[in-house]
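Right after this note come the structures.
In the two complexes below, chain A is the common chain; its partner is chain B in one and chain C in the other.
And then the complex of A and B:
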């Protein structure tokens, strides 16, 4: 059940990110100055931490999506094991990403 | 030679330890209550007693107005599915020793179906989806030379898991999709369709696959696995749903 709950929450979160992302990118057509002002807001440490959450959500959603494809097209028997594999891959990916990202965020 | 004498008095059988268990039951009487409410009952229970015994004790000794369904009391009829400590189980298969009795044990009706009284829900929407998938053998052709439709062991094995269903609704009423969308066929109907779709003697698999290839059919399943965990018969429900999905995509069982 928790895999499904997390999949829903991360899915909705990614949807709202994409909505905002399309809006801010479209802003460049309206006014390049406004676009630059928005983008410079994104380079604050708070947004840097938000990016950690965003990448965490996307990585989980991606790996768990592959797990669901495996359940539907291959075999549902190993769903629990696969869920732990998803968590494991998530931890490994985040360990590789988070330190490097935070160094970038806090050193500029 | 001395006569054997009884040195010790015959051992009195040790008294079996009993426990006071608090049951928190979600009560609802449609004639007087506007909203369901929780009521606590203390019952003296043995570790090997079941939640059904506790409910009997309450009904017979404390409050005769408590209403619940039960019939065989041995996990076969599927009447007494209820939500015990937040999980769908059969009251007759849930032993006191398997529960944490330091806290009150919560007992409520299964979710997603209209509540009628106390632990009783209206099962009609559940049975309606069951009827819709044609849960019976359809074989219009003449059996090959003889009276029987012969099946190999392997062919019988193919749908063995889904023959175990007792229609208790524990799976369907544990499904978060069914809670919010009562039109969804639900795991139990798909399990019973699976039982005939993969039966080599049946000739109506295509019709059943067509029925389940609906917006409210198998595609509503989001692989939450609540049904598989709830099933008191241990049916691999989500696996069965996945097999039906694959059969629809292939166009044949």
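And then the complex of A and C:
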């Protein structure tokens, strides 16, 4: 059940970020200054931590989505062990991403 | 709390249609097919924008317009735009159907989701295919380096 709850929560969070992210990227059509002014807000320490949460949500939603596909098209009896695989892959991916990202955020 | 949710697997309030296209089935399949493609597109997007070089600190107009001057990244971003918005909009529709208890609330919320998805798909597609990587009269230090050769 928790994989199902987390899939919904991360899905909603990613959807609302997507709405904002398309609007901020659309500023490339306005002017370089307008785009740079907004994108620099993504480079602050607080938003840097927010990006860790965002990537964490996306990576969970991605791996758990692949788990759902495996359950639907392959074999549902492995759903529990696949959830532990999702958690393991999430930890590995975040270990690769978070230190590098935080160095980029906090060294500028 | 009298308006409890119906028990699981209780009969439909309205009888399902017997003929015609089974849109819920195609929506169900779309979530899985687009999901697989989006894992590739979004992981690639995150890797190129957040992991390569100085990551988020390097993002600015010159970086983005340098990417979007290349048809490869234009089509990559447009594919992400369409697939992700329809995937997310259909997911939000599922949540509204599950959690909004009145017919009016469901109608308003699903109309808002549809409007947001359509407007942002049109806006994003227009931006990707109409924007100028080297706009005239802009300071050269804000533009990608290849603009100097023009």
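To be clear about the criterion, the second predicted complex is superposed on the first by the 107 of 108 C-alpha atoms of A that agree within 3 Å, B and C clash if a C-alpha of one lies under 4 Å from a C-alpha of the other, contacts with A are read in each partner's own complex, and residues count from 1 in each chain.
Rule of thumb we're sticking to: contacts are C-beta pairs under 8 Å (C-beta built on N, C-alpha and C of every residue); 3 or more make two chains touch, one makes a residue touch a chain.
Computed from a prediction, not measured in an experiment: that's the story for all the values here.
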Chain B versus chain C as contact partner of A:20, first or second or both or neither: neither
Chain A: partner with more touched residues, chain B or chain C: C
First (chain B), second (chain C), both or neither touched by A:72: both
Which superposed partner A:81 touches (first chain B, second chain C, both, neither): neither
First, second, both or neither for A:105, with chain B first and chain C second: second
Partner chain(s) touched by A:4 [first = chain B, second = chain C, both, neither]: first
First (chain B), second (chain C), both or neither touched by A:95: neither
Chain B versus chain C as contact partner of A:49, first or second or both or neither: neither
Chain B and chain C contact sites that coincide on chain A, given as residue numbers: 68, 72-73
Contact footprint of chain B on chain A as seen in their complex: 1, 3-4, 68, 71-73, 75-77, 79
Sites on chain C touched by chain A in the complex: 32, 35-36, 38-39, 42-43, 46, 50-51, 54-57, 59-62, 64-65, 68, 81, 84-85, 88-89, 91-92, 95, 116, 120, 123-124, 126-127, 130-131, 135, 138-139, 142-143
Contacting residues of chain B [partner chain A, same complex]: 176, 222-226, 228-229, 236, 238-239, 242, 245-246
Chain C contact footprint on chain A (complex, rising order): 8, 11-12, 14-15, 18-19, 22-23, 25-26, 28-29, 31-33, 35-36, 39-40, 42-43, 48, 51, 55, 58, 62, 65-66, 68-69, 72-73, 97, 100-101, 104-105, 107-108
